[in-house]
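Each of the next two complexes has chain A plus one other chain: chain B in the first, chain C in the second.
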Partner chain A sequence: MKKVLVMVVVLTIGLTVLAGYLFRALLAPLLALLFDWGILLAGVAGLIGIGYLIHMNLSKLARREKGAFFSVVVIIAFVFTLVSGLVMTPQSPFFRDLILNVQIPVEASLLGILAVTLVYTSLRLVRSRGWTPMSIAFLASAILSLILNLVFINIPTDTPLSYLMMFIRRLPLIGVRGILLGMALGGLVVGLRVLLMIDRPYGE
Partner chain B sequence: MTWSFIGWVIIGLSAGLLFGLSFLIKDFDIYQIRWPAMISRLIASRASAIEQGKKRQVVLGHQLWSHTYPGLGLHTLSVLPDFLDPESVVDGGQSVSGGDGSLVVFARQMITGRYRDGFSLALQDASLESKLYGPTPLSFTAGFLPELGMDPQGSLALFGDYGPEAALWVEAARTRHGRVFAAAGSIDSQASLFMTVPDLLIGEEVYMLPGLLSPTSKNRAGWLTEDFVRIILILMIVFGAILKMVGVL
Partner chain C sequence: MILNDVVWGVVGLLLTIMILSYLIGDNVFFRLAAHLFVGLTAGYMAVLIIRQILVPYLIQPLINGGWVERLWMIGPLALVILLLLSQLPRFTSLGRIPLAYLAGLTAAVVIGGAVFGTLIPQSRAIVEAFDPAVWQADPGQKWFRVLDAVVMLIGTVGVLSYFHFGRKLIPRGGQDAIKKPYPFEVLAGIGQVFIGIALGAVFAGVFSTALLALIDRILFINQIILRLMGAG
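For the complex of A and B:
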């Protein structure tokens, strides 16, 4: 019975949202209400998620698992941010400076590590994938893009070479567009499978 | 005829094909499985990790819903049940994590739902929990990396919507001798993981994963629908390009 109820709710809401694209003016108030509910539920789920995060770290601490020290840091940082945010409010310039001056350097250092990792892995590309047409094409296009994006390459406009360069520069866009079309098609089929009750991830 | 109308025709056609083919395709062998070697390696690495008592990580991505990739979050939840079999969870070595509160909450619902269905007593154990290491991509990475570095890793399976930071997770898992399988949904993750992960699904292949893990006639109907619509789209694009070249459009 519970499963049937869930299916009816999913089907009704799904078809209403879909119909909203056809009869936008007629269903606008209902759609706004449904989206508001959705945002509210997502917000509550986000809060529960944060609860899980704290619970996980407290459990680690209680069980004295490996890496409990990191959990102490997480909990202290969380409590400090929460209390100072409640006291000073997120609009306070001092609070924003306090948080952002920690968050931005930490995230920037992670991005720095990521950049080094990507360079290192690109050097190992052939070793991990071998000399396949895909790996050669990937490597060649990456090197070509890097060269073409060098600022000191200036080609006179309205020449055959400039058109060729423009064509080569647009090639990655074509690839991205092709992948996005495929993804959209996959997303469409996933959505339809849920609407037609072929897939029921919510019913597990 | 407007672009919106063409979009509705494609949606209607897909729905019709999916509905019709779901009833028509009953025979499992009518449409062959794709990339079986990749899936076999994923299953083998997970089995080997269980035998060796190593950790198995399942990452569900950073978002349940996004503008650019709207179906990815939902899709990742469709994949999760295939990783909740009794063998995978009984030793407490499996971990399911995500970077979005709603994803993690839904994943936990699915885990407890499986238990309620009488599927596995092991799922009742607190050892299998969906975890949120951080609510943003980089905070998730900061929380997840120490986790990967602590114990020997058997397998790391990446699904859903995540970015290039996945390259860091892969390197961390590799350092601990973990085998990586990734279904890279976003363009950024595809580009960064192509260099390191041989078992990588990209583009629309990502959406075929539930069917690859548990090949049923309904999943194959989905593949066949995608293939039909893809061919139609290709023909439409070629036709449109020709019309543009001759000056009709």
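For the complex of A and C:
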């Protein structure tokens, strides 16, 4: 009985949303309702995920595992931010300062570390994978893109060289287009497999 | 420089140094900053979910809505309760219904997005590049546009051949049987080059951004230290 109910839910919701792409005006109010419920469920699922994170850190602390001190940091930071955000509004100056002055330095510094890591890994790429067509194309394209992104390269327009430059600049788009099409085909297949119940991400 | 700026400036400075200390190896300061960031981000996400999703989509309609609106809320309320109950080991199976709802919704959105958002527009762009009217639009660029269209078509087909959506063939006549057919092999080789070119360009973009972020952080450290010393 429960299996049938689950199948009915997947098919009804999936087919209604798909029908909404074709009969948008007719089904707009129903789609808005379905999406509102979906957003609500995704939000609750997100809260459950955060709950698991905190539960995991609390258990680590209770078992006095190695690195339990860092769990204390996570829990204190979480509780402090949650209480501040609920007592004040997210738009209040203190809460905004708290978020921006922690998030921006940390995220920007992590991005800065990425620059060093990228150089290191790109040098290791050839060593680990050898000179394959892909690694040669990757390195050549990376170096050429870095040079072309420099502002001081100025080529007169409507000359054969400018057309060549335009062609070279468009080359990465071909790969990106192929990757996009590949991802779309993959997404389409996965979506169809879920709707046809070949894959059941919600459990057996 | 007012006190508020000083305090937050010092917080930013310390966090920047703690994160950048990872460059000399994994250490306690980096971990401290990373865990602080995780806790704060989790708290911020929880605040956003509560204030921007739970309150307007569930709590407000239940408290302030009329009878009809409250009646409509029985559906999502039941789904939320089932999802929450499914976290208890005894009621795990109850979570299938809300998860099935999310799976059906997501699958349909993904199918629609893939077909109407990517497959049709991208395929149309490839086909439209072969339109003679486009070639004739600027006679000076005719051969450039023809070359661009042909390379775009071959490259895109090549990249798709490299991904080769399909299962492996069952080997019948030795090792060669599990190989892709020869035309696919050639196209996949071409596709490999175009994937390399695309990833190289993406790498260059990410590297430039990351380098700018690193420079920005170094300038930030310099600026805050100068300010604290009263020179800025």
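In this text, the second predicted complex is superposed on the first by the 203 of 204 C-alpha atoms of A that agree within 3 Å, B and C clash if a C-alpha of one lies under 4 Å from a C-alpha of the other, contacts with A are read in each partner's own complex, and residues count from 1 in each chain.
The rule is simple: a contact is a pair of C-beta atoms (placed from the backbone, for glycine too) under 8 Å apart; a residue touches a chain by one contact, two chains touch by 3 or more.
Because the structure is a prediction, the values reported are computed rather than measured.
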Applying the document's definition of touching, compare chain B and chain C: which contacts more of chain A? C
First (chain B), second (chain C), both or neither: which does A:182 touch? both
Once the shared chain is lined up, is A:141 touching chain B (first), chain C (second), both, or neither of them? second
Where does A:128 make contact in the superposed view: on chain B (first), on chain C (second), on both, or on neither? first
Which partner does A:66 reach: the first (chain B), the second (chain C), both, or neither? first
For A:14, using the defined touch cut-off, is the partner it touches chain B, chain C, both, or neither? Pick first, second, both or neither. second
In the superposed arrangement, does A:56 touch chain B (first), chain C (second), both or neither? first
Would you mind listing the overlap between the chain B footprint and the chain C footprint on chain A? 41-42, 45-48, 50, 53, 67, 70, 74, 106, 110-111, 113-114, 118, 122, 138, 176, 178-183, 185-192, 194-195, 201-203
As the complex stands, chain B meets chain A at residues 8, 10-11, 14-15, 18-19, 22, 64-65, 68-72, 74-75, 77-78, 80-81, 100-106, 108-110, 113-114, 129-135, 138, 141-143, 146-147, 150-151, 164-165, 167-168, 171, 185, 187, 190, 192, 194-196, 198, 202-204, 206-208, 210, 218, 221-222, 225-226, 229-230, 233
Where on chain A does chain C make contact in their complex? 2, 5-7, 9-18, 21, 33-48, 50-51, 53-54, 67, 70-71, 73-82, 85-86, 89-90, 97-99, 101-106, 108-116, 118-119, 122, 132-146, 149, 158, 163, 166-167, 170-192, 194-195, 200-203
For chain C, which residues are in contact with chain A within the complex? 4, 8, 11-13, 15-16, 19-20, 22-23, 31-51, 53-54, 57-58, 72, 75-76, 79-80, 83-84, 87, 93, 95-119, 122-123, 125-126, 140-141, 144, 147-148, 151-152, 155-160, 162-163, 165, 189, 191-211, 213-214, 216-217, 220
Mind listing the chain A positions that touch chain B in their complex? 22, 41-42, 45-50, 52-53, 56, 66-67, 70, 74, 106-107, 110-111, 113-114, 117-118, 121-122, 124-125, 128-129, 138, 176, 178-183, 185-196, 198-199, 201-204
